[in-house]
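Every chain is named by a letter (A, B, C and D) in the order it is written, and numbering of its residues begins at 1.
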Amino acid sequence: MSIVEETRKALLQLFPEQAAAEAEAEAAADAEAAAGAEADTDATAEDTASTEEAGEAAGGEETAAEPAAPAKEEEPAEEGPRENGVLVTDHAARGTHLDVLCDPEQVVEAAGIMDEAGFFLEAITGVDWIKEDRMEVIYDYNQTGPDPCRVVVRTFIPRANPEIPTISEIHPGANWHERETHDFFGIKFQGHPYLEPLLLPEDADFHPLLKDFTP
Amino acid sequence: MTVPIQCRPDEVFVLNLGPQHPATHGVLRVKLTMDGEYIVKAEPVLGYIHRMHEKMAEAGSFAQFMPNTARMDYLHALAYNHGYVLAVERAAGIEVPERAEYIRVITVELNRLSSHLLWWAAFLLDLGGFTPLLYAFDDRERILDLLERITGSRLTYCYFRFGGVYNDIDDEFIAGTRDFIKRLRSRLPRMYHDLVTHNIILIKRLKDIGFITPEQCRKYGATGPVARGSGINYDVRKNEPYSVYPEFDFDVPVYTECDSMARYMVRMDEIEQSLRIIEQALDKLPDGPVKAKKVPKILKPAAGDYYAAVEAARGAFGCRLVCDGGKSAYRLKLRSPTFSNLSLFGEVAEGMLLADALAFMGSLDLVIPEIDR
Amino acid sequence: MDTSIWRPIIYLVCFMAFAGLNAAYLGWCERKGAGRIQRRTGPMEVGFHGLLQPLADGLKLMTKQLLVPEGVDQILFRIAPILAMIPALTSMVVIPFSDNIQGRAVELSVLMLFALASIGMIAILIGGWASANKYAVISAARAVSQNLAYEIPMLLTVITIVMITGSMNLQDIAMDQQGGFWHWNIFRFDKSIFMPVSFLIFFICSVAETNRAPFDMAEAESELIAGFMTEYGSMGFGLFMMGEYLNIVVGACLTTILFLGGWSCPFGLFPGVWWFLIKIYILIFTFIWVRWTYPRTQVYKLLNLSWKILIPFSMVNLLVTAAFIKVF
Amino acid sequence: MGTEKVPSSIVHFAELDKLLNLCRANSLWPMTFGLACCAIEMMCTGGSRFDISRFGAEVFRPSPRQSDVMIVAGTITRKMEPGVKTLYDQMPEPKWVIAMGNCAISGGPFKFKGNYNVVEGADQFLPVDVYIPGCPPRPEALLEGIMTLEEKITGKRRWPRRQPGQVTG
């Protein structure tokens, strides 16, 4: 099993519904593959085909779970609101392997899963979606294994009250990233040990990367 | 050498290192709580050269942001060019001709050499050796000459274009690069290693100083030579290949000693590996155009977000581009490697001597404008 | 000894001139030497080959605003640079440049030199303390611990020499080594087999005593800005620099007299002051050479070098010498 | 405030003043003070190829008390501004300021609508003597800047100024 699959499995702990749906689909695919294997004697060739099939089936299940986003490569936000879940993305087109959308409360749990899987935090950033009146917080994870696997965890928080729990307990490196995000967007990371301006002057009370910021 | 610190709170004093201090390579400030010469607590204070690059990306078009990339990490400007260009090309779906990819690799690696040479110079200056600085600059000037011929500038290159590079390289550049490779190969063992690396004072000052465990590297997200000096075999060029790096045969130097000397050796070995890459790229250089045809003047990538990572001289540089279908980036997050590398400093420097802490800081290879962006 | 009043005055003027020229032009030599080592030219445009550079620097420093920062100890702050300069200048008096050129023949001149040399350390301590600057205080503390550590092996080595010669008079020590280079203390294997090593110890100690790289812990630029001189501008800084260069001259003179036979010719012919000058300038060049070649050591490793290696070894040498003298 | 004038002496010694100015112009010690990209070119200027030491200006002093000229090499941000001001105030008179690079002249590329953190030029709070344009200026430009400063101090130029387009042998 590749690292992408493994990580995907691990991340599915966050989303019981998707996991259940997938397990169902996998069972169905397995049954199908078993039937195929019985029918055919060339076991090895069939084996690889069946795993591929299973993967495809899982992917199909995913799209079924998100009727608004039929094709994986397309931007989900454009087609309508995307539901929480793990999405396998095309690395060549996106630069990431897995894309996770979760609730703000779940980021700590996600960070814990990533930490256990041996990932490190590359960056945290915010995006101010002023038209939708919400903010996005994006966590980029990466690992140092021989095969690439980049995971992006994203969540949406209301613009009026931008609060999200901190993950600096799990990833100490997040400390500065969260301070920086607080500088730029005013996102309050609850439980952060020292949420003072990092890049801006000590007394700064403005958040320059907000779309409605004027100096 | 770790010494348990036992002091009363009233016996410590706060030493303000920087923002103007010869060892901080720019305008980093470190608030040090000291007990005599021992550091009890070190807290870096950033932001003295925060220049709003990410805000500027939202203000101008994609092409207008190109010069900014060179001004973040001015020592390895072309890697930043490369990372940004990759992200935009990925977003806009632009194919790059093969010759352009080769030229990109050659110039990026040349630039990596100049960056490592400057690090070496500045590091030795931190350790009190002034002469190596001038020797390294001697070699570095030759790289700058080569790059200046084709890019037009000495330091803050803006050479890459979406879908290629600005200028083709000519025979004179190729001949000059080959000469330079020969020259640096002959000077590396004699001048760099005999004079400095094997110097007993240098070894005594770097061995077992600034111990970073692999777990610390992971927790803080350290990459590049810092991680490789701690035994983590991670190089974006190998692990997540981009451009034409898979075509070349090169090694990723990894040392497991985890100390400043290991980081020093990683960079010295990387110089040799970069020379190997350049040599192979010059041998294999294909013919063809250096710019993709039909790249629109005004790019309007489809909405969505895109990520591209490259291996800069200091570690993995990542570029997260969020587009909303407009002609400028909706949000551009630049993941700079030294930002994460420096966040280690506070934890590792605790209990160190001041002199050792500064040697350790030098071994992290900081470029402050890249941290502050 | 001539008791006329003129002799001391003439000597005073000559030594002042010698000291002043050395202090000024060693800076030029240092910059030129550094340039040579670093593949560049050094000062070139100010006068012929930059020969007027020390003059320009000196006049500039003298006419710069005399800035005494707020919060410093006014009196000590002003005294320190003078205190750094005077002992170095005074030590010149007892140094014999040749058998008949000596300011004042003092019977215990070795002792006097070391007494004066330790005042230089106090100047650094006072300067660093009075500056009310944390970097300067750290630097002063470093300088004191370093000088303490290196004075001991230096003195132990000197005791060896004094034992060999049986005199504390520099003139006698130099006279004892007249003749070819095999008479020099550095090669006196009949007195102790470790003499070249003790020369090395003495030389290392004099580099450390003068706070020169690689032992320039007190003004470690990348750690402590400019160390004890951080708050000194204009001529205060100038005096510290001149004091440093004079200390180098004194250190080189002392090494020459104690180990290299003073004014004696290596081949036993025509001894004279020129040999003395040649020897001290070769030593001074070595000081410059070492400075621009090696990186700086670290303060605790520097102290370890002294306490764990140099002091035991010079003690062993002392005992060996005593045994040799007793036996032969 | 650092810009306050030192009271001029009542009696002037014209020839002595000239000599002193000549000395000052030939012994410009810059401060080791790099802000951003331009600092690297400043280091190159000290390197063997361009060799600022020919003019006696290679003594980069880390302490402002011992330096004569402050080369503002890079972008000054709002957070850094008080620091730069303090450094200038700590330098003893006579002192000069060179604004190296576009950022130090006017904010350079960082002057845009929405600028919230960059001071638009060192001359907003420092008396700048010489401006060296470029992003970053070449080392030759910094040498030219040093010579321009010498000209400003002594009233005489070291070498004849080259006209643009003039061909040399």
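Everything below uses one rule, namely that a contact is a pair of C-beta atoms (placed from the backbone, for glycine too) under 8 Å apart; a residue touches a chain by one contact, two chains touch by 3 or more.
A quick note: this is a predicted structure, and the numbers were derived from the prediction, not measured.
Peer 1: Could you name the chain whose CA centroid falls nearest to the centroid of all protein CA atoms?
Peer 2: Given all protein C-alpha atoms shown, the central chain works out to be B.
Peer 1: Could you let me know which interface, B-D or A-D, is made of more C-beta pairs in contact?
Peer 2: B-D
Peer 1: Where the CA atoms of chain A average out and where those of chain C average out, how many Å apart are those spots?
Peer 2: Here the centre of chain C sits 67 Å away from the centre of chain A.
Peer 1: Any idea how many Å lie between the Cα centroids of chain A and chain D?
Peer 2: Centre-to-centre distance between chain A and chain D: 51 Å.
Peer 1: Starting from the mean Cα coordinates of chain B and chain D, work out the distance between those two points in Å.
Peer 2: Going by mean C-alpha positions, chain B sits 29 Å from chain D.
Peer 1: Taking the mean of the CA coordinates per chain, how far is chain C from chain D in Å?
Peer 2: Here the centre of chain D sits 36 Å away from the centre of chain C.
Peer 1: Tell me, which residues of chain B touch at least two other chains?
Peer 2: 21-22, 47, 50, 52, 55, 134, 138, in rising order.
Peer 1: Counting only residues that touch at least 2 other chains, which ones in chain A make the list?
Peer 2: 200-201, 208
Peer 1: If you look at chain C, which of its residues touch at least two other chains?
Peer 2: 38-40, 221, 225 - these are the residues of chain C that touch more than one other chain.
Peer 1: Per the touch rule above, enumerate the chain pairs that touch, sorted by label.
Peer 2: A-B, A-D, B-C, B-D, C-D
Peer 1: Can you name the residues of chain A that touch chain B in the complex?
Peer 2: 74-75, 77-78, 92-96, 118, 120-123, 125-128, 138, 140, 142, 144-148, 150, 152, 171-173, 175-177, 184, 197-201, 208-209
Peer 1: Which residues, counting only chain A, touch chain D once they are in their complex?
Peer 2: So the residues of chain A touching chain D come out as 200-201, 206, 208, 213-215.
Peer 1: Hey, which residues of chain C end up touching chain D in the complex?
Peer 2: 31, 35, 38-46, 50, 52-53, 55-57, 59-60, 63-67, 69, 221, 225-226, 229-234, 237
Peer 1: Which bits of chain B are touching chain C when the two form their complex?
Peer 2: 13, 15, 21-23, 36-37, 124-131, 134-135, 138, 195-196, 199, 201-202, 204-205, 353-356, 358-359
Peer 1: Using the touch definition up top, name the residues of chain C that touch chain B in the complex.
Peer 2: 34, 37-40, 134-135, 138, 141-142, 213-214, 216, 220-223, 225, 292-301
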